[in-house]
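Below are two complexes that have chain A in common, paired first with chain B and then with chain C.
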Partner chain A sequence: MSFSIEAKKVTRTGFYPAIILGGIIAAAVPLINIGARPENFVNRDGSTLAVILNANWSMVSMLNVFAVILGACVMWNVEYGERAIEKMRTLPLKMSSIVGLKGILLLTMALVPVILEHLSIVLCGYLWFAPESNFIFDATKNFIFSILMLLPVCGVMTAIASVCRNMWISLGIGVICVFAMTIMGGFDSFAVKIFPFSLPMITFAEAGETWPSYGTASLLETVIISIAAGIIWKLKVKSE
Partner chain B sequence: MNIIETSDLTKKYGDFSAVSGIDMHIRKGTIYGFLGPNGAGKSTTMKMLLGLTKPTGGYFSIDGRRYPEDRTSILRNVGSFIEGPAFYGNLTGEENLEIIRKILGLPRAAVAAALKTVGLYEARKRPSRKYSLGMKQRLGLAGAIIGHPPILILDEPTNGLDPSGIHEIRELIRSLPKRYDCTVMVSSHLLSEIELMADDVGILNHGKLLYEGTFSGLRDFAADRGLPSKDLEDIFLSIIQEDNKSRGEIDR
Partner chain C sequence: MSFAKYIKIELTKLKRSHIIWILIVPVVILWIPSIINSHMNFDMAAEGISPEDNFFIQGFMGFAWFMMPASVVVGTVLLVQTERAGGGIRKMLSLPVRPAALCLSKFSILLLLTGIQVLFLIAMYFLSGTIASQMCGYDLLLDPLTVIKEAVILYVSSIPMTSVFWLIAVLIKTPSFSVGAGLASIVPSVLIMNTKLWFIYPMCYPFYIVTVLQGEMAKNFDTFKFKSLPFLPVAAAVTVVCILIAAISFGKEER
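The block that comes next holds the complex of A and B.
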């Protein structure tokens, strides 16, 4: 029920249409990219899924991260815009539950683009390639892995936006982090790749044998971020 | 019996005392007018009672409950309106109250009832961002009274209302103790307004409680100090001025 309250709070803000539209645009990327010149891709080495992902995933995952950043900003702008959060604080509920539920809502909504994108990837496979028998299975694994990789950025953005009264500040921080990620993208180091804003760029195939390390890093980061958010909020409340 | 009591309640920001050691007593079932000029510390005191800001000294009890141990149970029993309306601008008035209703676990009919009480029922389907200042104020009040809480803390509830709105809300507040069997603490800058609503008055200046008691007691209090004691507004101003003088401030 509290989740439905958080879901209700962002109606008529453009939150839902923006994320869905973003998902449709991101899902169109592989279809347009490959559909425009399939001959460039069909004869490449590697599995069908690997070829499609290599050609599109960095762009698609970047759009996903932007959707998460924007979503977090809108969710909290609604709280700070007309001081609604001040009213919430006078009601018998915990701030931590609002923050946590917003994080879950953000992740739930982030599923929409990821689902659309994987449907589009599968469609590309059948339209222009001759997919191997395990194509669907591998695509499913990549889908689940992608969701796992999105956890920390959802957490970080929820936490940042929750403490920034001004939406533009959290938006700015998010965008700067994405740029930092693109600049550092060249480094082939695990430490750089597990940065919450870079994790979503990793595909399951790329992680390969090391996928459990990425999975653990993602879960661990999410836990640390949640604890940090809790501490920051305690301090914030105490200082008022 | 006092339903709200504070003892030496203090709030310091750095070395500035917003509220300094006040002992307040609010009788159950009454309306307590909390009076003071801008910056006196009214909102700060109310925020402390709601646990929105932590006292730096002293303590208080609300219906036998203490902060911070009983925070949730205090909030469950106190309806509040602090420093102007606070709401989700993208939602309608009705949707805003619906959120509060769900959090408090109230019956469905509570929303319509609260909207009617504050005179916002006709406008319930409109986005609250588009409400006029007075309508936003009413929405805030509806959010405070929706659960018929035993205690109401209202910070300048008539701010921004037109004269007929002020009259209407004042009558509403006056009727609350009988209607819902509750106690109301209401702040204002105007003694004349408090006089029309409240049973008791507390006068705050620079974080200090200068007077607390009934209105007839206030006249005696002023007379004892050789201050004008006929017109209540004069009494209020002269008490504040005298206090300011004693701090070595220049009169405004």
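The block that comes next holds the complex of A and C.
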């Protein structure tokens, strides 16, 4: 019931088409990048999946993070834009669940680009490469891993946007975090790589043997962030 | 009403926006790795770039490729959303103002915000350069005039991009699409920069300009050579056309 309310609130903001469109653009990146000059890629060393991901994943994952940032900003702008949140408070609704429901909705929508991108990666593999027998299996593993890596950033953005009355502040914080991630990218340390905004950049092959540590880090972060987001939101509701 | 008055009104609206922090924080973050990794500036002999040139150019490149365009996008959100709250734009347009002048003043504010950010960039360059110089026992700072000249070139190269982002913000009313288009357009700029048609894509101008400078500084580094044609006329045309269309269509729905 309440989830459908949250899902309905954003229908007129362009939330759904914007994220789907973002997913289509992100999915087009490997097709255009490789399709325009396949001869540059087909003879590279490594598996088909590794070649496709190396050439495109940094751009694609950045678009994914942007989609999450934008989604979170738009979602909460509905509440704060026309002071809807104050009207909501007068209704017999449980205010505390809003933040969780929005987080889940954001994550659900964030899956759309990831699905489209992996379909496009598989398509690239069959159009221009001679994929190995385990290509589909590896792509599936990467798909599941990518979703896992996307969890913390969904949580963080939900938390940030839930407390920012003004959309440009939450958007600004989001892009600054992405920027910090690109700047710190030069440091080759696990602590930097598990920053919520850096995790989505990592592919399953890149994580390699250490994938369980990344997976655990991501899940732990998600749990901590979710609890923190819940507490912050409760305090925010109480203080107003 | 004079144009200066329009600008003054717009500045009043920004007073409580906290936008200044969104401008300063990334510039501070930008130089931290440069200070920590300052010893790496001495390992660039293969590229044929001097340590002080490298320290300068790495920071400016880091700023130009992502944060500079992203800050402009955030700025457009600020300008659009402050008017939307409480139907501000309808009230504004009911006053004896010329919508085109209003639009132009908002665009000027956008340019001003980027200008402020570039000023912080220069200030932080000198601060972090001084710290890094102390750490390395080597003067990593360039001549202030050179730095200011390059910063001005960088700033001017961002104006066409700012006009495109402003046009997008004016034409597309739904923030999901206008902000989404802005953010998404930053990502492929490195790809487009490497094609022959880079000059029709204003979002890559700032990064292109800094990359050209890097090529001039690093003797053994093969990168773009600056050609003013057809870049300059195209850039000028894009800027003028975007500003004109924005001014004509500004607030059309509300008028």
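The rule is simple: the second predicted complex is superposed on the first by the 233 of 240 C-alpha atoms of A that agree within 3 Å, B and C clash if a C-alpha of one lies under 4 Å from a C-alpha of the other, contacts with A are read in each partner's own complex, and residues count from 1 in each chain.
Just so it is clear, contacts are C-beta pairs under 8 Å (C-beta built on N, C-alpha and C of every residue); 3 or more make two chains touch, one makes a residue touch a chain.
Given the structure is predicted, the values throughout are model-derived calculations rather than measurements.
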First, second, both or neither for A:Leu91, with chain B first and chain C second: first
Contacts of A:Glu240 with chain B and chain C, given as first, second, both or neither: first
Of chain B and chain C, the chain that contacts the larger number of chain A residues: C
Partner chain in contact with A:Ile115 - chain B first, chain C second, else both or neither: neither
Which superposed partner A:Lys9 touches (first chain B, second chain C, both, neither): first
Partner chain(s) touched by A:Gly81 [first = chain B, second = chain C, both, neither]: both
Contacts of A:Leu123 with chain B and chain C, given as first, second, both or neither: neither
Contacts on chain A seen with chain B and repeated with chain C across the two complexes: 13, 81
Chain C residues touching chain A - in the complex, by the definition given at the top: 17-19, 21-22, 25-26, 29-30, 32-33, 37, 62, 66-67, 70-71, 73-75, 77-78, 81, 84-85, 174-177, 179-180, 183-184, 187-188, 191
Footprint of chain B on chain A - complex, ascending: 1-2, 5, 8-13, 78-79, 81-93, 238, 240
Of all residues in chain A, those that touch chain C in their complex: 13-15, 17-18, 21-22, 25, 29, 33, 59, 62-63, 66-67, 69-70, 73-74, 77, 81, 166-169, 171-173, 175-176, 178-180, 182-184, 186-187
Sites on chain B touched by chain A in the complex: 50, 52-54, 72-73, 75-76, 78, 80, 82-91, 95, 98-100, 102-104, 127-129, 140, 143
